[in-house]
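Right after this note come the structures.
One chain, subunit A, appears in both complexes that follow, with subunit B as partner in the first and subunit C in the second.
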Partner chain A sequence: MPNPARIHPLADRLSAGNGVILSPVESRERISLRADPTTAKALGTAIGLNLPTKPTGVTTKGNKSAFWIGPDEWLLIGPDNGSMAKALEKVGRQVYSATDISHRNTAITVSGAKAVEALNSGCPRDLSLDAFPVKSCSRTVLGKAEIILWRTGNQEFHVECWRSFSDYVWKFLVDATRSA
Partner chain B sequence: MAQSKRVEHVSTSTENTGANRIAGKGRLSPAKTVSFTFDGKTLTALEGDTLASALLAHGIHLVGRSFKYHRPRGILAAGPEEPNALIDISRDSARRQPNVRATVQTVYDGMIAKSQNRFPSLSFDVGVANDYLGRFIPAGFYYKTFMWPRKAWDKLYEPVIRSAAGLGIAPKEADPDHYASRFAHCDVLVVGSGAAGLTAASIAAKSGKNVIFVDENASFGGSLLSDSTSRIDGQSGQDWAKNKVTELAAMDNVTLLSRTTAFGYQSHNMVNLVEQITDHLAQPGSNLPRERMWQVRAKKVILATGAIERHLVFADNDRPGIMLASAAQTYLNQYGVTPGRSIGVYTACDSAWHAAFDLKKAGVSIVALIDCRETVNQDLINQANELGIKTMVNHAVTSTSGRLRINSMTVQPVNGENKTVIAVDCLLMSGGWTPSVHLFSQSRGRVKFDAERGIFLPDVYMEECTSVGSCNGTYDLSDAIAEAATATETALGDIGAKARKAKLPKVEDSPSMHGFLIGAAKGAGPDDFVKAFIDFQNDVTAKDIRLAVREGFQSIEHVKRYTTTGMATDQGKMSNMHGLAIAAETLDKPIPEVGLTTFRAPYTPVTFGAFVGHAKGDLFDVTRTTPMHEWAVDQGAVFEDVGNWKRAWYFPQAGEDMHAAVARECKQTREAAGIFDASTLGKIEVVGPDAVKFMNLMYTNPWDKLAVGRCRYGIMCREDGFIYDDGVVGRLSEERFHVTTTTGGAPRVLNMMEDYLQTEFPEWKVWLTSTSEQWAVIGVQGPKAREIIEPLVEGIDLSSEGLPHMSVREGKICGVPTRLFRMSFTGETGFEINVHGDYGRSVWEAVWKRGAPLGMVPYGTEAMHVMRAEKGYIIVGQDTDGTVTPHDAAVDWAIGKKKTDFVGIRGLKRKDLVAEGRRQLVGLKTRQPDYVIEEGAQIVEDPNHPVPVPMIGFVTSSYWSESLGHSIAMGVIDNGHKRMGETVYVPMKDEVIAAEICSPVFYDPEGGRVNA
Partner chain C sequence: MLLIHCPYCEEERPELEFAGAGEAHIERPKNMADISDEDFEKFFFIRENQKGLVYERWRHIHGCGRFFNAVRHSVSDKFIKTYKAGEKKPKLTKAEIEAVLPPAKNTPANEPVYTDGAKQKG
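So, the complex of A and B:
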């Protein structure tokens, strides 16, 4: 039997103009990792990343990144091949929870000269480079949706949200772009 | 087209832009004209005119009728404090806004302006009868008059009052404009751009800190723009301001926002701004938002909001042609317009003298300058004499005449009766200045009264802000600049910025703002029967205040509400001090003891659109859809809203109504199979060595003995013992549970779980992750369910032995991972196929392809409700309402009897919860089998009982059951469990329905089908 088609929640969308480019982020492996902070080092070693230990912290190696979400919570994002889940399975004798959320979340790349203005239309965070430098992340809101915001460049952001909120987040950003 | 129209106007510079233009005055270019209409008449204005300046240029003062008495009213001010000139402004029928202040609306080509509160016309208005009846419409008139008879209020008084009340008519069409919002942070927010604000912004900007600098007007400069004499470092005020602004505009760390009003000051230094973007443009691009709402969080706020001139309270001080002296000065010096040709001036303040001098120098006749103070600075008198202005010090204007515009004023000595009538076409007045402490007051700052100058000043600050310039009572230009510099340097120091000590500019020839009068002037005292207005917008006179006090209102807050002074959009910008002074005088108390009313946000009216921002249309709220949503759309499903979700309600085929569709879906599912999108169910993954301990805590059920691979229906209570949520829970491994919740309950269940974990048991090794959206859930129910999915599934034995009812396996379907649940919410053999979200649609279609030829139908939430009710399965929130215990709902079998703890265990032991005879869930079978009772209907024991009939319960669920051939219902009834077989009654509008209490399990009570 042929494998069924995989349909991205934001398939075929693109928006560009007025200083903002929006594009859906392709499928990724995503894991919600919960563990006592003392376990962080061993878990990080397993997946080949140092887990960040401070608020807004992000660590990246190659195409894998770990995001500090809370004192005992990390979001892991990596290539869509299940390798992080497999690596974590091998961490025996450690107490933690790794839950696959690859399909729960999706993401949008927001870039361009007016990216900050578009995001600040609905996100109350201070997005100046001083307050939110490149390689920062934050669980915050955009309009009425919860998002995880990751600054990947001076004018580039990765906006992570739940799949059923992605249509709203996309349309919000399009509307915000229009008047950014 | 639009372009050529503009060019045409620019080229015709000889057009009549008004007889009252003074050549060489003002900052508008005579070469650029625009045309607009006022009450249908086309007029030409200069580009940059406000509606007020354009009308005055054409000699039009009469612009509205007053709120209560319908008195003719003219333009009083030149800024946002304008209480009279409230105009209906539109571009087209949809883009129309009532109650726009003519003094702040920039005229654009094609603008349509209409006066308000008049019928049939501005110059002849029948409502003016109220003016002659004025003595019968005192303060509190409505409260006193329409008390009796009570019944007349709803039918007669209220509708009549409502139609007569209010200014302007709200637009009826949808607003086609769009609005933007912006959050911003800055180090220093400077509000107001007069000399003090410019000084503060300039110093703050040079420190390198981030600065947002806002002014409500089109241009920066504040009162400097109307000031013709001051020299700052040898430059005119206008040039000095312009140079400062040019400097600021070139700096990257400065955001300049003109036409932007700081209207609200919230806690933690959050200031709301509204930026007007297109209201002054003739052809705004369709991409431009009309307005942008800013929410600025500032480390320091510098308030340089200036001061507002007060009028004087004397008889008939509201005729068109009477205006504030500073307003006339602004119209002359900024717009090149004089408000009259033979002008009288009546003042208690030096500043009006300067206004008179400016007008006189521009060639306008000042027929008399009346000052009610005993003595006036000799320099002013000398200047007046030099200019040939007749001065009358220690005199007062005690009345005026003229129906639609002032034509004379009557002058008397302050201490005498000798009357002189002087013909004028305009009267300027000044009672001194009121510092604008609105934002400071909104920030919860406390003011103190300066009795010597009759002003309230900022005293105790509650936020990180400082007031500079005339809003802080510092009227002298040189002092204001010095104060702004010092305060800004201190503020910068507070936030760790290095501010170089600024060199202060040299200020010469700045006007004096000395002198004031608050309260009633001569001729408007307690014994004078005249209309001397203190609040023009709300039509409140001096005698209304006195009457309120005489009737026992002592608190200024009560006086305000009784008389309506300072209410509504006006917020007492001009009237507050007069009202307060008159109340204090009548009460014979000093002003500070009477107090000041609280200023409310917004400072000036803000459109609904600005508040709504992006949240309209698709963005009004989040619409959540499942991965299979589009399939259901394609099938013609009708959707219902469940929380933010769109769920397929039913799938009508051609010619079917809802009833027929639901009947078919139920029947076909029970006879063959049905496919159902259950993706919206909440899902929580509970993981960790303490997972089972945690499940035991959160649910009433025991979990220790639930084997891996098995499921259990769980009930969750609140601490009080009432049902909070329910759902099927599967155990995937010793330390991992797949918990499902109701669709609507998903967020609150996770919150409650996290709450216990974080606050009560933080040491437990268990973690929660929402997986609601990780999994798309495809329910396949019915006798053919197994046959349909079997060929698609790999690695799972689907037989009743391999996968019995209430079990779960992990394997593959269509080649992708699945968590396959054997469970049922219909009473039939059922499966819930959980697959990763991105595969939901494809797997669904594969199942559909298999099932459709076998008679499978898609069914929606309505059929799901019917089928579960046939089985007596409850829906939390429909059959329970927050006062129903597991015992009441007959699901007490789900309580672990040996358990020593779970959330709700203590509550369930409360005396009233274990009492006999509680309201309990039962089935109801109507005596007429085809009668479907209304959900929510009341249940009574004896329908012939005299009214009021005691109610013993109500219907919670009620449906037509196609499978059973009769209606079914559930309800909660007092002592219901022990009343099986008894008949109860449901009184409906036209008849009384008899129903028998029965078990709520109507269909397949033995459960043979579900286990098949």
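So, the complex of A and C:
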């Protein structure tokens, strides 16, 4: 019998050395939410998490987080159980689109004393703590891939990328680690 | 790396996150089916391609995803100002321009063009 379980694109990978630790983030529920900012409140109430309204904003409650991507775009990440999609179905009478991208994206945790150097070898964004403090996020690029970068600690980042780019992003970061 | 101020992200971001999208403030005719071929050509194909200050659309494609407008000097590649889509074409003062493009270096390659729509020399 074939096993119907979905295989994580970065299953069993781990990289540590030269001051950078890379580890795959476990499967999560992810929603790409597009809506007029005036409906943000109602949508936030539905999922039990206020949507951030300022650029680079992140709000977190328990194990759910909402990320400001653009003036009418948010990324929602939560436990891998479909609960946010179900909650959003019940909003009604609001114009918005919620697309399940749980399996389009995957993520890598990049941490360690040289995490910033490793990321900056392919990401041109200013990652100093003044310009990109803890709990901020933005869509940007890493090498040839588009990523969403979330700073979870002074030396810890969540790198969100497309599943099909994840092998490239992982190997890019491993290479970057060698010279960081 | 060139840094571009995104009016939606409210900060300077690296140029790799952006894509240019041609001349700005081109109004689409409301009576498209009625206009002559010459007028359509003018609307659709003909662009100023001015040497000096140009008004352009840009898109923060690997950031917030938004289109916005920018005033850029086409010789030095310096951005004078960026503003949100839908906002009026800004009238720039000499001081605003000179804050980014110092008048001291009037080499032919960096010939300042202070007013938009000024006659081109050479």
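Basically, the second predicted complex is superposed on the first by the 177 of 180 C-alpha atoms of A that agree within 3 Å, B and C clash if a C-alpha of one lies under 4 Å from a C-alpha of the other, contacts with A are read in each partner's own complex, and residues count from 1 in each chain.
Going forward, a contact is a pair of C-beta atoms (placed from the backbone, for glycine too) under 8 Å apart; a residue touches a chain by one contact, two chains touch by 3 or more.
Note that the structure is a prediction, hence the values are computed from the model and not measured.
**Q** Which of the two partners, first being subunit B and second being subunit C, lies in contact with A:His8: first, second, both, or neither?
**A** In the superposition, A:His8 contacts subunit B only.
**Q** Between subunit B and subunit C, which one contacts more residues of subunit A in the superposed model?
**A** Partner with more touched residues of subunit A: B.
**Q** Now for A:Ser138: first (subunit B), second (subunit C), both, or neither, which partner does it touch?
**A** Second partner only.
**Q** Contact-wise, after the overlay, does A:Ala16 reach subunit B, subunit C, both or neither (first, second, both, neither)?
**A** Neither partner.
**Q** Taking the superposition on A as described, I'd like to know which of subunit B and subunit C A:Glu146 touches: first, second, both or neither.
**A** After superposition on chain A, A:Glu146 lies in contact with subunit C alone.
**Q** Just checking: does A:Ile69 make contact with subunit B only, subunit C only, both, or neither of them? Give me first, second, both or neither.
**A** second
**Q** Is A:Ala113 touching the first partner subunit B, the second partner subunit C, both, or neither of them?
**A** In the superposed model, A:Ala113 contacts neither subunit B nor subunit C.
**Q** Using the superposition on chain A described above, determine whether A:Thr56 touches subunit B (first), subunit C (second), both, or neither.
**A** Only subunit C; A:Thr56 stays clear of subunit B.
**Q** Examine A:Pro124 and indicate which partner it touches, taking first as subunit B and second as subunit C; both and neither are also allowed.
**A** both
**Q** Identify the overlap between the subunit B-contacting and the subunit C-contacting residues of subunit A.
**A** 124-125, 131.
**Q** Mind pulling up the subunit A residues that touch subunit B in the complex?
**A** For this pair, the touching residues of subunit A are 1-9, 18, 27, 32, 34-36, 72, 95-105, 117, 120-126, 128, 131, 143-145, 162-165, 167-168, 171-172, 175-176, 178-180.
**Q** Going by the contact rule set out above, which residues of subunit C touch subunit A in the complex?
**A** Those in contact with subunit A are residues 1, 8-11, 13-17, 62-66.
**Q** Where on subunit B is subunit A touching in the complex?
**A** 178, 180-185, 210, 287-289, 292, 295, 297, 613-615, 618-619, 621-627, 645, 685, 687-689, 765-767, 769-775, 792, 814-816, 836-843, 845-846
**Q** Considering the complex alone, what residue numbers of subunit A touch subunit C?
**A** Listed in rising order, the residues are 55-56, 69-71, 73, 124-125, 131, 138-141, 146.
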